[in-house]
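A, B, C, D and E label the chains in the order they appear, each numbered from 1.
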Amino acid sequence: MDSALIPEGVKRCPFPQFLTGLAVVGAVLAWGVFAMLLCWLKGLNQTNMNDSYGFALWIWADLAVIALGGGAFFSGFLKYIVGKDELKNIINFAVLIGFICYSSALLILAIDIGQPLRGWHIFWHANVHSMLTEVAFCLSCYFGVLTIEYIPLILENRQIDKIPFFHNLSHNMHEVMAVFAATGAFLSCFHQGSLGGVAGVLFGRPFAYREGLLVWPWTFFLFTWSAAAYGPCFTIFLTKLLEKITGKKLVKDNVIDLLAKISGWMICTYIIAKIIDTWYWASVTVHTRGQTLMDFYDDNLLYGLWILVAEIVVGGIFPALILLTKKGRSSESLLWTAVILACLGVCINRWVMVLQVMAVPVLPFEDWALYYPSWQEVATTILPVAYGVILVMISYRYLPIFPQERELNPVES
Amino acid sequence: MKIDRRCFLSLGIGVAAGTALSPLPWKAMDDSSIWSQNWPWTPVPPDGEITYTDSTCTLCPGGCGITIRKIDHRVVKIEGRKDHPVNHGGICVLGLSGPQLLYGPTRVQSPMKKINGTFRKISWNQALAEITEKLTTLRAEGRSHTVAGIAGSSRGTVSGLLQRFLTAFGSSHFYSPSSMEDSFSQTHIQHQDKKTIPGYDLENSNYILSFGAGIIDGWGSPVRMIQANSAWKTKKIKLVQVEPMLSSTAAKSDQWLPSNPGTEAVLALGFAYVILRESLYDPKAIDDHSDGFKAWGAHILNNYHPDKVAEVTGIDSQTIITIGREFGRAGKPVAICGRGQGRTPVSVAEMNAVHALNVLVGNINKTGGVFTLPEPDYISWPEIVLDATADSGLRARPISMGGEWLHRFPNAVTGNEDGINFLFVANANPCYTLTDTKEAIKAFQKIPFKVSFSSYMDETAKLSDLILPNHTYLERYEDIPVASGLRNHLVGLIKPVVDPLFQTRHTGDVIITMAKSLKGSIEASFPWKDYSECLKTGLGRNWNAFTDKGYLELNYIPEFEEVPRFAFQVPSEIPQIPLEGDESKMGLILIPGDSLRLSSGDIGSPPFVMKTVPDTVLKNNDSLVQINPKTAEKLGLKKNGYAVLKTPRGEKKVKISLSQGIGENVISFPRGLGHTAYDDYLSGKGVNFNELIGPVEDPVSGLDVAWGIRASLTKA
Amino acid sequence: MTQEHRKEKKYGMVIDLDKCTGCGACMVACMAENNVPFKKDETDKLKSITWIRVYKLTNGKPYPNEEICYLPRPCMHCEGHNGHSPCVTVCPAIATDYDRETGIVSQIPTRCFGCRYCMGACPYHARYFNWWDPVWPEGMEKSLSPNVSVRMRGVVEKCTFCFHRYQLASEKAALDGRRELKEEEYQTSCTQACPAGAITFGDLLNKEHAVYHLKKDHRAFRLLERLGTNPKVYYLSSREWVRRSGDNYHPDEKTGEIISHH
Amino acid sequence: MFPFISFEWMWDMGHIVFMGGLWYAVSILGIGMTYCIIKAALDTQKGDDGGHHH
Amino acid sequence: MSIVDEKAKEVDAADSPAESHCATSVDDGNGIAGLTILFFIVGFTASLFVGWIVFPKLLYSEKQQPIDFNHAMHMELVDNGCESCHFFRTDGTYSGVPKLAQCIDCHQEVQGDSEHEAVFVEEYVSKGREVPWLIYSRQPDCVFFSHAAHVQLAKMDCVTCHGHIGESTSLKPYEYNRITGYSRDIWGKELKNYLGLKTNTYDRMKMNDCAYCHLEETGRKSSVSTEKDGCFVCHK
């Protein structure tokens, strides 16, 4: 039925099966859209956020997907700037994931603000000193870059490619892709960093506050670094997952191995920096303000010291060690463990930098504020996941996302 | 040439480019944002001329002066009147919320009659005709003495008119609530056989010993008390608070004596012991102005040794000695009592014990001391004309002219043969404020015809058969006599700030109209055209000063003159009012914790006041009970867990709030919650304390002096 | 043409906690003055808008040694370093701003698009979000003041030191040809209402204003001074534990000690 | 956001560096895309199919 | 599976003419390109027309004032210019559009033979109803504008912001924005106002107009974020 659209030389599941899959995910998407409309029409009282939790699940989701989507800019950087040409075999997918992550982030932001109709104030009336302004500008620009990077992929669809203009456009865009990728990397460094800066500049919140370089707190650099470090793990994770689902090998091992190795080194260096940062923060930054590390960890279920251990040891040191060893990378199960732990690690980091900041009392006479999301928040957070799955389904089916797929899975004619 | 998809694509790009270069998207974006700044469902208050009008607040007995800010004809804010002798510009949460009562959804907008259980609007003429008919019939049947009236106060012209109406009609059934002032009147002070009301010159005292008086929790005139408290802080004057729990007053006092509940009188006598033992009293003052000192003194010295008192009260003997000495040596000390807001009287024994301290140091009618004031008397009306029916009606149930304590009202309905056939309720909400509320409501409902004059749909109005809504205090003239422990009585003037919003009528006018329609001697007793004439002529020569200043200060007693004689009474074995309930079954003592952040009187808390209620008092619709963590642990109760609170009078589901400010086995929560009427901002929230406690009469005075009740808490 | 400028001022508050009784009048005076909305259930204090909120502090000791202190907390109008208060710098759309002329941190609800970053930045929880549409029961919207704009759903609001009173007082002064206001001409609603007289308001730089002297009282402290927020609300308490509750201290540090940091 | 037009604009380091960097990036993207589109249109015009790149 | 494959073949077959068309398109490239460009131009101009001409027409709606007021004539009758009717109250606030109470002094009875005058007396004066004037210069609720500061302190003329309305003999129709509800005079009526340009000071009354005048006239830079006048100078 849709075979004319499917790339040549690859096999896809039957169309009805595809449609059924779409319908299932579509139902989840519809649930999310319903929740989103509720939030827009009735306001943010639909959430469980409150005056202590101005930032909550959504902002965490934003930070997390952007960190995870960091694979796009970093692999782009590696391929186009550093010249790791093997990565061309995975970069399409990385771009797709990035595109999904960033569009999701923008959508979540549009739901998260109390006055969506005034969202443009952040651009028009920009306060350049605000980290959020930096986030907004770089995020939307980088989303533009991702769109530019994604367009040639769409244009490579068998039918679209037949139109000479699009064929040429795609070709030309490939030609200058390095420029776009470089711009993207530049923008990414800043918005990933500024997302870190969002928390780091809060000098009224000792848990988040970091000293730093010029106008940028250390979290600025840590966030960029961690996104570059952990993003590829997410790319690998999703590639592996997609291979499991489709039952096909889509990317050659050497590509994965290269990306995993780079990621391993990045995580390793990042986690060292993170440990130094945490140590400095606890012993100097916070100390001069009359607090100690343990003031920020309570005996409540959510924010015990375990969360620090989980973030740094389980989600940082473990995956780094696995990915740094040849054995770890080549063992299927260890690689799986490493990328999953890494993804969790960066998600915990983002969680801590958003929600724990809100939870920790600053005034000595205040108490910990705990929060759980409402179903509307959960639904709208799952919404982009569903949307992402759909976009991956469609893109995988109709676009030549994995250049090595044909070679690895020859179709008998 | 063929039009293909390329052409349409091109067209699309053209449209996009053209649109982007036109103002449409940008203007639409800007305008939609302006629309969001200007949502039609978000109110825009109309601008206008700002004016200020002075009046008096009536929402509690405090009598503060208020300044009302208006924009054109709208009341937008109520502030404290700066040049007012009671509050000097200060104001409380309730006073500030006045506009919400004026414009709130609880207003009764026209006369309402209950037909088959639901209220219907009726006209004023219909309503008055119906009343006249009913009253005429009762009178003709010789049952004039079964008509009763309840008023929020026994003072002032409106209350006076109602009382006058009942008398002329032939009934002595007039009820008004009692308070700490009545306890004082009942103490053994002989003062020309007049009722004596206390006036405390607290601003000039130099040592304050308070036996549970919620000085900053609404006792007396609340704003004046808070200001006095601030003045003490500035002048470093010591405030000692005797109270079983850490109320705001206890917390702000210089020394808190966490006594066992109900032992205040014993402790007072313990201090008296110290003063006597160390001869710190004023022998001349005692000689001149009291009787029975010798016998009393001997009794105290024999029976109130600090060690013994310490055992009863839980305050160690050294503290008793220290405080007793400090009090005796202070120079201008004063001892006051009346638990919490002082709306519940204390026993005569307790008042005597506390007053004895004042007499001992000779501070009666002296600067910084206690002044003995007569009832405010500023209205001169002609004699009531009584016909034969009235005479027989009054004889059928003779009662003192001062009226009767409100807590006896339910008994008057159920416990006497004739019962009550007709009831007027003015400025009162007995179906909420009476203790043992359920029984009180049952009694209320037994009355065949109840008329409420309430401006608001309160509990009593809701249960009445006819509502004749009064103007609110911002729409009418009235005199507001204020005693409330002020050094001098004061009469505040309330005057209309806005034209009546609804079809309401002044209760004074309604009473006069009723009297006129009943003709004869009743009509003759009301020789005024309307209420304003009644008020004006009643005030006589004071009228001009009254309206000019907005208040009238009644200066009765010059200092040092006319100190009344005090009769020292040898106290009974234990001057304590026993608690209702069986200790073996109910091991806890429940006491009220009054707070200014809740209106516990006739007026329900408006939304703004409800907003200030802490979440340790009310969470969602649940009342929280303060309990010592040790007691909670003993009972297996957890913070924020549910429990059933049971007293001999009732049972309620509550939540647990742990507090280190309350002793073991004592529990507390404030009055003012658990309304069943008013609006959604108040109704159904929390538990009405009054439902859990019942009246306990003082054997001497007959006042309701219940200060607590035995209770049990079990996990729910 | 450049007109003569007004003298630089730093409006601030001194709140005497020894006098404060926790009666809540400041909270209601503020709500009534500033058209603060209310809901049917206001018991969730994390969703309840009270520009000035009275906190109840305890010394944490068991009965009968517990002590209580009430602490009213308006917006601190932090000056931070050079007017860079925690919230002002983070607002992405300049909906909140620090005014050097008055020292007041402004909040413009119509500019705000509700990102709530400022709320995260404020350690005092002085900022409130309009989670709901502000709704008054029918008829009660008549009690709203035209001098303060009603905030719509989805924006942040906070204490403005009753800036509209400054505006109105300035108008009156302008009619007399004056630019400067006298101390009593501009007072906040909470200051005016407080029955305890615990709140004093004025220009912290002006020697003729009471706050200038009160802030130097030996009992004075500010909340979270060590964070560098540089608040303009001072508190007075004669109780050491209360003063120590105003900031975080290590056990060996003296109350009021500030280690300089940048 | 825009010099001369936006009320909030200031000629200070913050604006020049931040907005400068931003406009720089935006213009690269804009110019890059314009270039690609125009070149693709011209290539199409010429009948050049640009060759197969995969 | 086989069915699907067959279908796929069909689609392929159906699509093949397009492929061949593509191949031929190179030959008549000019014609196709011309048509493509034509479509672009059509789309472009049409949307420009809609955006610049049709949209403003749709966006604004017109209302007539309840009564046609003659400013010029009243100006001749009063001694104190605009301030005779638009005066300052003693507390410094500005009375704005006069209330009925001010008009009643002269208009208890019908003056002259104007039709509007008769309506005014009949509908408003005798019934005690306020006239629902439509105010051209009404600013959003969030704006605090002190007439006293501008007129008394800065000595500005009414004309600077309000134009020559005082010389008008009749009131122009009130045009308002259907989305925002505000008068069109705030945003400006001229085409060039769309571009932020204006000839007279009173052509527009948007925030930027206030802000730039303030910057020029006061030179104050008290706002930390904008180095201009603080937000609370004009906002409430």
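Going forward, a residue touches a chain if its C-beta (ideal position, glycine included) is under 8 Å from a C-beta of that chain, and two chains touch if they have at least 3 such contacts.
Source: prediction; values computed, not measured.
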| item | value |
| --- | --- |
| Chain occupying the middle, per Cα centroid | C |
| Most remote chain, CA-based centroid, reference being chain E | B |
| Comparison of B-C and C-E (more C-beta pairs in contact) | B-C |
| Taking each chain's C-alpha mean as its centre, the one farthest from chain A | B |
| Cα-centroid distance, chain A relative to chain B, in whole angstrom | 61 |
| Between chain B and chain D, centroid-to-centroid distance (C-alpha), Å | 73 |
| Whole-Å separation of chain centres (CA-atom averages), chain C against chain D | 46 |
| Mean-CA-position distance for chain E and chain A (Å) | 44 |
| Touching two or more other chains - residues of chain E | 26, 91, 93, 140-142, 225-226 |
| Per-residue multi-chain contacts in chain B, two or more chains | 6, 32, 35-37, 44-45, 47, 50 |
| For chain D, residues contacting two or more additional chains | 7-8, 44, 47 |
| Residues of chain B defined as touching chain E within the complex | 1-4, 6-8, 10-19, 21-25, 27-28, 31-32, 34-35, 37-38, 44-45, 47, 49-50 |
| Parts of chain B lying in touch with chain A, wherever the complex brings them together | 6, 29, 32-33, 35-37 |
| Chain C residues touching chain B - in the complex, by the definition given at the top | 16, 18-19, 21-25, 27-29, 31-33, 35, 38, 40-45, 48, 50, 54, 56, 58, 60-64, 66-70, 109-110, 133-146, 150-154, 168, 192-198 |
| Parts of chain A lying in touch with chain C, wherever the complex brings them together | 43-45, 49-55, 112-116, 118-119, 121-122, 125-127, 129-133, 136, 198, 201-206, 211, 285, 287-292, 295, 357-358, 362-366, 369 |
| Chain B-touching residues of chain E, taken from the complex the two chains share | 21, 28, 31-32, 34-37, 39-48, 50-52, 55-56, 59, 89, 91, 93, 95-96, 140-142, 177, 179-182, 194 |
